[in-house]
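These are the structures, in C-alpha cells.
Both complexes shown next keep chain A, but they swap its partner, so chain B is in the first and chain C is in the second.
Then we have the complex of A and B:
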C-alpha cells in the first residue's frame, strides 16, 4: 500500500527556501482536513473551515476547533471571497511550482508536458515578477516556447498524463475534482462546472416542503402559484435540519429518510447515522460554489456507509471475546506454557529491594495466569485479569486534589 | 477509513517524513491505522537521555475524534515516570480526551507530550497508579479521566 499518494498536495511541495510560499499554501488550507478550503464557512469567532469539516466537528463538540469559542451550526456563514481566493490560488499553484522548480526537474517536466493534454493555458501577467524575485532559486529561465509548454497546471508529483490511459482518472488542475481523463477537456471548457444534468428543481423543492411543513404542503402550493409573483426558476434550496433523533421512533426516522428519498434499510442506529450524515453532506454542499447534484450526494453517502460498515466489522473482529475459556486454554496450552517457563527461567535478582518485589510480582502473575491469559506477556505489575466494568473506570491522577473539584 | 481521515493521515505522514520537530522521530508507519513515534526531551530535564516510544492508533473518525495515544511498554521500552503517565503506558492528558480538537495533529500531540515531560520537576508515578493499572481498560480512550492538574 502506497501510504503517500502522489495526488496529495502539501505546503511542503514548495521548496523550504521559499517560506513565504509555504506559508501562503498553508494559510489557504482547512485546519481540520489540511486540504484546500472546500466551501469555506466563517465562524462567529473569525476562524474559517470547510463547511463539511466544521459540521462534522460540531457534531462532536459545539465549539470552534481552533479557539474553543462556542459555535452553533446555524451561525455558519459562507465565505465566498475566500473560496474565490482558493480557486485562484489553485489555478496559480502549478504555475508557481513550475516557476520555482530547480532547472533539472523543470526541463524534464517541460519535455513530458509537451506530450500531455494541454490544460487551460492561464498565463499570469505577474509571473515574470514572481520569477525575477526568486533569482537565487531559479537560475534557469526557459525560452518563450518552452515556457508555454511548461505552464501546464499540474502538481509536480503527479504522474504524467502522457502515460495515463484515456480511461484513467485524473484530478482537475483547477478544481482538483476527480474524473476520467477523457472528460477532462470538456470539464475545463465548462469552467469546471458539473455536467448539466436534468435536475428537477420542483421535485427537490416539493420534497423539502413536505419535509419542513409536514401536511401543509398541499395548501402551500396553490398560494405560491396564484399569490406571489413568478420567482426565479430555482430558488436556493433550504437547508436540512438535524433532528433530535433519540426521541423519535423508528417509524418517524423511516419517514424522514423516505422524505429525503434515502434508503430505509438497517437498524435505527444505522438510519439515524445515515440521515445525520446526509444532512451534513447536504448542508455542506450548499456552501460550495459548484454544488453537486443530489444524486452525487447520495452516492457519496453510500460510499461513506460502505466504508463505515467495513470499519465496524473490523472493530467487531478485534473485540472478539473468548467465550469458552476452558477450550481456549486447551487450544493455547503450548503458548501459555512457554510464557510461564520464560518467566520462571528469568534470572533471579539478588540484592536490591526493588527488584525483589518485581520478582514477587512475576510469581503472582504466573499463578494468576494459570486460568486465563492476558495478551501481554509482561508480568509486572500484577494484573487482576478479570476486568469488570471495563468502561466505567474513573481515574484520578492525584486523589489528594479531588476535593478541589 | 473514511475519505477525510485517509487523506488527512496521508498528509500528516508526508509531513512527518519530510521532517519532524526536534526530538521526535517516526519509527514505524506501515499503514494508516497505527504509527509508532519516539520522543525525547531535549535540554535539561529529569528525563535527560531517555527515549520513549509512543503508539498512535487512528480510528475512522480521525481527526474529528482523538487518536488513541499510549507510551509503549515492552521488553525494550518503558513508560516515563511522570505524575500523569501510568506504568501501563496510559497517559492522563486532556488533549487526548475531552479537550481534543481536530486542528491538533500527530506532531502537535508529540510536542505537547514532550513539553509535559520537560516541565516535570520530579519523577513520580500517579498516586493511584496501582489501582488504575489493575482495572484499566485496554484502550485509555475507554477510561474516564478527570483532568485537574495543569501544572505539569
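Then we have the complex of A and C:
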C-alpha cells in the first residue's frame, strides 16, 4: 500500500496556512472513522457520528466515544441537516481546493494563465490564482512560459481550434493526475475520479431506483425475493432487530440468515458475526439520504467477510509459528546456537559498551523466551543496578513474533 | 479505511517529542519513540516502543509496549503499560497520536496507586526521591 495515496481525503489536504479550512474539513468528519459523515446520527449528548460507526461502537460499549456519556441504540436520531451540509461541502471541496491549492501547483496553473492575460475574458478561478501567485510567476524564465503557452487552453482555441484541445494535458490541482484539459472539470466534479461511492449522484439514483422498484428486479436471486417482498409494502423499510445470539441455537441463526437472504455457510460463530454485521450495515444504511440497495449491502458484507477471513488466516499462520515450539526450535537450532556462541565468546562489556547493548536488550521476548525471561533477575533493586551488566541476557528475535504479546 | 491517512499524518506531522513510523511489511505495526517529558525523571531519555493496531481498530485499542527498559510504577519489566485508555477506557474516537500523548503524560505523572510493577510502585510510595533517582539512572543507562 502506498502511503502517499491521495484518494483518501484528509483535512490536511488544505494548506496549513489556512487553518480555518482545515478546521472546517475536520469538523465535518466522524471522530471514529475520520471520514466525512455518512448517514450522521445525533446522540443525546449532542455528539454526532456516522450511523455505522456509532452502531458498531455501541455494540462494544454503550457510551459516546467522545464524552463517554451513556447512549443506547434506540436514542440515535438522524441528523439530516448535517448530512446535507456534508454533501454540499463535498461538492464544494474540489472547488475550494482549486482556489486555494498549494503554491507549487498554483505555479503550474499560473504559468499558463500568465500567457493568457491578454485574452479578452479571464476565468474567475484563474483570476484568483493569478493574484495570489504573482510573484511566483516572475521566477520562471520566458522560455518556460512559452512552452506553457502552447498548452494553454485558450490559446489553443484561438490559434488552432479543436485540434490542439484534446492533446493539451494538465495536471489535476488536487490529485496531480495528468489528463486532457477538457476532462479536468468533469474529473473535479467527480471528486478526482475516486469519489466515495455513496455520494455519486447517479449511483444514488440507481440505489433509489432499485429500492423503489425492488419487486421489478427479476435478476436478483430467488432467495432475495423474500427480503424484498417483506420491505416493499411500506416505502421506508423498518430497522432490523438485534438478536441475543447467545441463547439461540445454530438452527435459529440459520433461519435468521435465510430470512435475511444471507449465506448460511460456516460455523455458528461466523454466522453470528455475519448476521450482526449485516444488521449494523442495514440499520446504518437507513440513516442515509441515499440508501444503498440490499444487493449492494450484501456485496459489502461479502467484502467485509473476505477481508476478515484473510486476517484470520494470517493470524493462524502467525500462531502456528509460536505453537509448534519444538519444531521451531529444531528448525532454528543453528541460529540459536550461533547466537549463544556469539554471546559466550563476547568479551565482558565495558561500562560504555553496556549502555548501548542494554538499550537494545529491549525486552523482545517471544513466547518461547518469555519463561526464560521471567526467571531472569527482576528489575534490580536500587543498589544492585549499579552497572553490573554482565548478567544481562541479550535476546534477539524476529520482530514479527513480538506481537505475540 | 482511515488507517493510511492517519499513518501518513502521523509521519508527516508528529506531535512534539513523539515519532512513529510503520513497518514496510506490516502497516499495522509501528516503531515509536517518545522523549522523556521535561521535569520528569525521564527527561533527556528517548524511549522506544512498539505499537500494533489489531484488525478491530479503532473499535479495540492499539497494543503498545515499551521496548526500552524503564523504572516506572505503571510499566512492568516486559514493557507492558498500565493505562486505562489502553484497556477498558478505550474509545474509538481516540487515535494513535492521542494514545502516545497519553503515554508521554504517564511518564510525567506516575501513578503508584494503580501499579503494574509492584516493587517499583512500593519504592515510589515509600521514598519518592530515591525512586526518582533510580528512574533517572535507568533513563541515563538505557534510554539514550
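Basically, the second predicted complex is superposed on the first by the 205 of 405 C-alpha atoms of A that agree within 3 Å, B and C clash if a C-alpha of one lies under 4 Å from a C-alpha of the other, contacts with A are read in each partner's own complex, and residues count from 1 in each chain.
One rule holds in what follows: a contact is a pair of C-beta atoms (placed from the backbone, for glycine too) under 8 Å apart; a residue touches a chain by one contact, two chains touch by 3 or more.
Source: prediction; values computed, not measured.
**Student:** Does the superposition put A:8 against chain B (first), chain C (second), both, or neither?
**Tutor:** The answer is both, since A:8 touches chain B and chain C.
**Student:** Answer with first, second, both or neither: which of chain B and chain C does A:89 touch in the superposed model?
**Tutor:** neither
**Student:** Which partner does A:328 reach: the first (chain B), the second (chain C), both, or neither?
**Tutor:** So A:328 meets neither chain B nor chain C here.
**Student:** Touching A:304, do we find chain B (first), chain C (second), both, or neither?
**Tutor:** It touches chain B, and chain C stays clear.
**Student:** Would you check which partner chain A:336 touches, where first means chain B only, second means chain C only, and both and neither mean what they say?
**Tutor:** neither
**Student:** Intersection of chain A residues contacting chain B with those contacting chain C?
**Tutor:** Overlap of chain B and chain C footprints on chain A: residues 1, 3-5, 8, 10, 12, 31-35, 53, 56-57, 60-61, 65-66, 68, 308, 311, 378, 381-382, 387, 399-400, 402, 405.
**Student:** Given the complex with chain C, which residues does chain A contribute to the contact?
**Tutor:** Residue positions touching the partner: 1, 3-5, 8-10, 12, 31-35, 53, 56-57, 60-61, 63, 65-66, 68, 308, 311, 355, 358-359, 361-365, 370, 373, 378-379, 381-382, 385, 387, 399-400, 402-403, 405.
**Student:** In the complex formed with chain A, which residues of chain B make contact?
**Tutor:** 1-4, 7-8, 10-15, 17-18, 29, 31-32, 59-60, 63-65, 73-75, 83-84, 87, 92, 101-103, 105, 126-128, 130, 132-138, 142-149
**Student:** Inside the complex, what are the residues of chain A that reach chain B?
**Tutor:** 1, 3-5, 8, 10, 12, 31-35, 52-53, 56-57, 59-61, 65-66, 68, 303-304, 307-308, 311, 378, 381-384, 387-402, 404-405
**Student:** For a test of understanding, state which residues of chain C touch chain A in their complex under the given definition.
**Tutor:** Chain C residues touching chain A: 2, 4-9, 11-13, 22-23, 26-27, 29, 48, 50, 52, 55, 58-60, 63, 65-69, 71, 77-80, 91-93, 95, 117, 119-120, 123, 130, 133-134, 137-138, 141-144.
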